[in-house]
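The same chain A turns up in both complexes below, where it pairs with chain B and then with chain C.
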Partner chain A sequence: MKFCISKEPLFTSLSSVCGVIERRQTLPVLSNLLFTLTLEKLIITGTDLEVELVSSVIEDLEVSEAGDTTLPARKLLDICKNLPDNAKITFSIKNDKATVTSGKSRFSLSTLPAEDFPSLEQISPDTKVNITKGDLKTLFDSTSFAMALQDVRYYLNGLLFEVSPSKIRTVATDGHRLAISDMDKSSGVTAEHQVIIPRKGVIELQRLLDDSDEGISLELSSNHIQVVIGSIRFTSKLIDGKFPDYERVIPVIGDRIVSIDKEILKKALTRAAILSNEKYRGVRFTLTENNLSIQAHNPEQEEAQEEIMINFNQAEFEVGFNVNYLLDAIGCVGEDVVELGFADANSSCLISGSEERNNRYVVMPMRL
Partner chain B sequence: MSAKQRKIIHCDCDCFFAAVEIRDNPVLADKPVAVGGTPEKRGVISTCNYIARKYGVHSAMASATAMKLCPKLIILRGDMNKYRVVSQQIIAIYREYTNIIEPLSLDEAFLDVSNSTNCKGSATLMAQEIREKIKQKTGITASAGIAPNKFLAKIASDWNKPDGQFVVLPEEIDDFVAELPVKKLFGVGKVTAEKMTNMGIETCADLQQISNFDLVKKFGTFGDRLYKLCRGIDNREVKTERKRKSLSVENTFETDLQTIEECEEKLEQVYQKLLTRAGRIEELPEIKTLFVKIKFYDFKNTTIECPGHEPDYDVFSELLEKAVKRESKAIRLIGIGVRFKEDGSGEHQMELFE
Partner chain C sequence: MQHQIYPWNQQQWQQITTAFNSGRMPHAVLLQGAKGLGKLDFAKALSAFVLCSKKGENSACGECHTCKLLRADTHPDYKEAAPADEGKSILVDQIRDFCDFFIYSSQLSSYKAGIIHPADRMNRNAANSLLKTLEEPTKNSLIILVAESTTSLPATIKSRCQVLEFAVPDKAEAISWLQFASGASQNIDLALSLADYGPLEALDYLKCDYLQHRQEQFEMFAELKTGKVSPTKAAEKLSKSLNRRALGWMISWIQDMIKLKMVDNTTSITNFDIAKRLTDISKNISISGLYGYYDKVSTSLGLIDRQANLQLVLEDLFVSWIYLEK
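Take a look at the complex of A and B:
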């Protein structure tokens, strides 16, 4: 196997697939990338057994001898990154050694056989969702922060992706707060469909998206999601589990609704957070007539108090929250005014923009 | 808290590790037996049977010293996994009586049986049954103390050891503590006991003569606790879940370390051990302090600590150097560890899905 390629197309390709490689590996071959070389193109594959990224390169490629092998991902990426711009790089693989040369640089890397590289099974999609890159990015960015991390309730370690013919929705929750984002767009599906994309898949897919109007098509099978974006093919397994009945935990809010300028609230919370308990992050909200007071204190007995004028004339009450959960949610409201809806000190708070309600956030209180 | 009289049992196996070994190898029954490290490797006795105790052997003694006192002493390596299995069997027996169990070690626990209906509510009979069941199921003997609080129950379990039990009824507390030597009080070690002897205090009755104010002046916050203990008062609850307060590891070296350089060299392996242990804990609490403990060849200890949020090698190395410089003596043991922040904030996040 022998070929020559320019730095730029190779680096672009390597950096788009390398993210999936876990730093600590149980299986040595998973630290490597699969290189499959035909006379016309080079295909580079990376996987962590859950998510697979495949990138094809045809630009600036001269193939002398086709073949396949696997090469250490991280080292190759770092070498490539540090070569001069427009460098020509030659790869020559013999036995279990790969020789990489460029100008006066020469590297000998160890390889592992291509046969040992695990490929995800062929997927046979039964549903196709049409969406733009920008819309998918908005849906993901508005909700993915609320996904659980290594929760025993494994179905929470991912993002619920729900489609119907005229609507797409994403939902994420870690059991303490919940994020929902809706988009009323024709999706091209004929029936309702619900899948849970694992955390890693969501993060890798987010890296491939941008704000453009370019249409993409998500292919879903019963256990995989696949999408081709530019020269990259992304495939992820799906989480096989039942997402909790999230509609049930969205509170029905009566009169205790307050509207607050987003920036004012965000800044006040950020300042109060400085003196909250580093671990629990609790802040106390006290709502009295036309006034919201936010208080925080830490184990060193330092205290913060913020007051914001609001329009409120219900019975006064107190409730505590993890300030990080509030800031995460408020940061995702795409409007200038946020609306906070409360029930009582033991019930969740509903956060959304004051005009559209595409994004809704539910935050459970803390007992302080 | 309700004013209802509590019933606490302190249950403690008799020379646990040694007893398990003798059970599995009955030939040892009439010989002096200990579990611990070998004298060649500068080991320490962790438990020994009563025959060995007659020679003056006791736990935490250097194995070499023990061998001098009792040349026929059989020192066994010990098998923690085996002891753990026995310990689980014993805890299962406790569970038949109450769910409020506070294990202190593999073989020692407090049981709150105040609301238990077994044996018509008689804690004395429950303790009797528990000890019989332990003997039947595991083949080793245990002793128990029964009292209205943890402090008295713990002292009582030592009263008729081995294979016995002792009850302190609520109306007997005053007489019981009056006679009690102060060195039996938890927290009163050699130094405090000496201080007290100098003050003419031998028993709790003597201690009761001193005002709370004077005790605090003399012993600091411990004085307040002493004031209560010498009157048999102890309101601590039996805690089913014990919060981990610190994490530490230590190595005893085959030959004493003479120089700082040698100590530095060994620090690396102790440090790795700490990281491995820390890695095994699922949710590591927030770290408050780092500390280094060293033991000199003459068993004198010194501990030095400083604030810190993560186990930092360089910090341990600095602390070690300071500790070593405190005495110009050869070093037998190096221990390092972290203490955790206490979780007293009372903040609690509520769940969306119960």
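Take a look at the complex of A and C:
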């Protein structure tokens, strides 16, 4: 196996794939990247057995001899990074040694056999979804913060991705709060499909997305989600479980709806949060006629009180919340006015924008 | 290397592959039987079988991508949990990790397979943390537990598994297999007897110099009684070499001494090559004394597992052997 390539395309490709490789590996072959070289292109694969990233390079590539091998990921990335710009790099692999030369630099790296590398075979997708980069990013960014972290209810440690013919939806919950984001666009699918993407997969995929309108190919199979973005192919395992029936968690709101300017509410909550209990983060909401008062106090008997003018003429009541959950949710509302809906003092609060209700957040109350 | 199914395990293999082919595969299997019967090989072969993408009627192909990855130990749908060191337990973190493996969909094959061996070395917390996954793993999961003795395995674990019993083969069958496998012609009977009729363990006896070690140790054991060796020296020497197996030998000598005192018949004893000397040594010791000493050796074996000071345990054992009642 022998080829020559310029620094830029190789470095871009390496750095996008290297992200998935964990620093501490039990299996030596997982700290390597798989290089598959055909006469036209070089395919680089990295995996941690959960998420696989594949990047292909065609530019500035001169192949003398096709073949495949695995090379140490970090070392190669570091070497590549520190070579001068516009450098030409030549790889030649013989037996189990790879010689990398560029100008007057010469490196000899050890390789591992390519057939030991756990690369995915072709997956057989049963659903194809039409979506743009920007839309997928919005869906992910507005919900992923609510995913659980190492919960025993393993199906919560991920993001529910739901597609129906006219709607794409993501849902995340950790049992204390819930985030739902909807995208009312034709998805191109014929039947409903639900998958849970594991936390690690969500985070890796978020790193590959940006706000552009570029269409991407997103495919689902019973075991995988595969997204092709430009020259990078992302594949993640799914969580093999059933997501809870989240619709039942969304409270039915009567007349207790309050609209507040987002910035005012956010600032008030941020200030009140300073003096809330560091562990429980509780704040008390007291709704009286046309007034919302937010109180917080901590074990040192320090207190904060904020008052906001609102439009409210129902019977007064009190309810407590974790202020961090409220701030997370309000931060993700894309509009200037936030709508808070309450059922009663023992039910959760529904947060959304006042115009469109694409993003909805449910926060459970706290007993204070 | 492809893991083989030994001739004496064929029946179990037929049973489980038939279950698989007819869609009646249990999600958890407990392989239970004496040492040296090839249970772990069986477990690995079974994992390879369910994971293989081009499997035949009752064996993995050994050629496909999955089989190659399994051989290179990099298969993404295969997991093992075993003690970090010999004599250590399987810890709760290992089992949690093991359970986490099953919550994801499989990467290559439709199946996911995991082996816990020896399952009886899981400590209590580890065993408890396995229960939930063991009771109801995600679909297409196979959890294989391998255990020599199931007495120390909690009932809650046992009741969640389908048990496959492994029995020692026929003596004639074992001998002919051993002759073929080892190429040896001498000591086959003795090795088999010392290995409690487990053919693979017997093969170890024939291939390694265990028989030699055992002989040396027996000489030392006898010399302790006559005062030629001091107990401190003996303990020092023994604590350096294979200790667990050595205590096993001591137990079997005591057992045989007791048997020989009761019936003067060398056919039913394990160490038939040294029957005469065992009788001689135990001439001056009462049966109750031997029983007492038997208990002591067993207790010491337990102490060593719990990381007691090896030297001290052995000294204590040897001193009481010397002064065992006349």
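The criterion applied here is as follows: the second predicted complex is superposed on the first by the 359 of 368 C-alpha atoms of A that agree within 3 Å, B and C clash if a C-alpha of one lies under 4 Å from a C-alpha of the other, contacts with A are read in each partner's own complex, and residues count from 1 in each chain.
The criterion applied here is as follows: a residue touches a chain if its C-beta (ideal position, glycine included) is under 8 Å from a C-beta of that chain, and two chains touch if they have at least 3 such contacts.
Because the structure is a prediction, the values reported are computed rather than measured.
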{"item": "Touched partner set for A:L49, first chain B, second chain C, both or neither", "value": "second"}
{"item": "Partner chain(s) touched by A:L27 [first = chain B, second = chain C, both, neither]", "value": "second"}
{"item": "Touching partner for A:K237 - first (chain B), second (chain C), both, neither", "value": "second"}
{"item": "Partner chain in contact with A:G282 - chain B first, chain C second, else both or neither", "value": "first"}
{"item": "Partner chain(s) touched by A:N322 [first = chain B, second = chain C, both, neither]", "value": "first"}
{"item": "Partner chain in contact with A:D213 - chain B first, chain C second, else both or neither", "value": "neither"}
{"item": "First, second, both or neither for A:S222, with chain B first and chain C second", "value": "second"}
{"item": "Chain B versus chain C as contact partner of A:H176, first or second or both or neither", "value": "first"}
{"item": "Partner chain in contact with A:P365 - chain B first, chain C second, else both or neither", "value": "first"}
{"item": "Intersection of chain A interface sets (partners chain B, chain C)", "value": "none"}
{"item": "Chain A-touching residues of chain C, taken from the complex the two chains share", "value": "65, 68-69, 72-76, 100, 102-108, 110, 138-139"}
{"item": "Touching residues on chain A, where the partner in the complex is chain B", "value": "173, 175-178, 244, 249, 277-280, 282, 299, 320, 322, 346, 348, 362, 364-368"}
{"item": "Residue ranges of chain B touching chain A (in the complex, touch as defined)", "value": "286, 341, 344-353"}
{"item": "Chain A to chain C touching residues, read off their complex", "value": "27, 29-30, 47, 49-50, 113, 115-118, 120-121, 154-155, 198, 222-224, 237-241"}
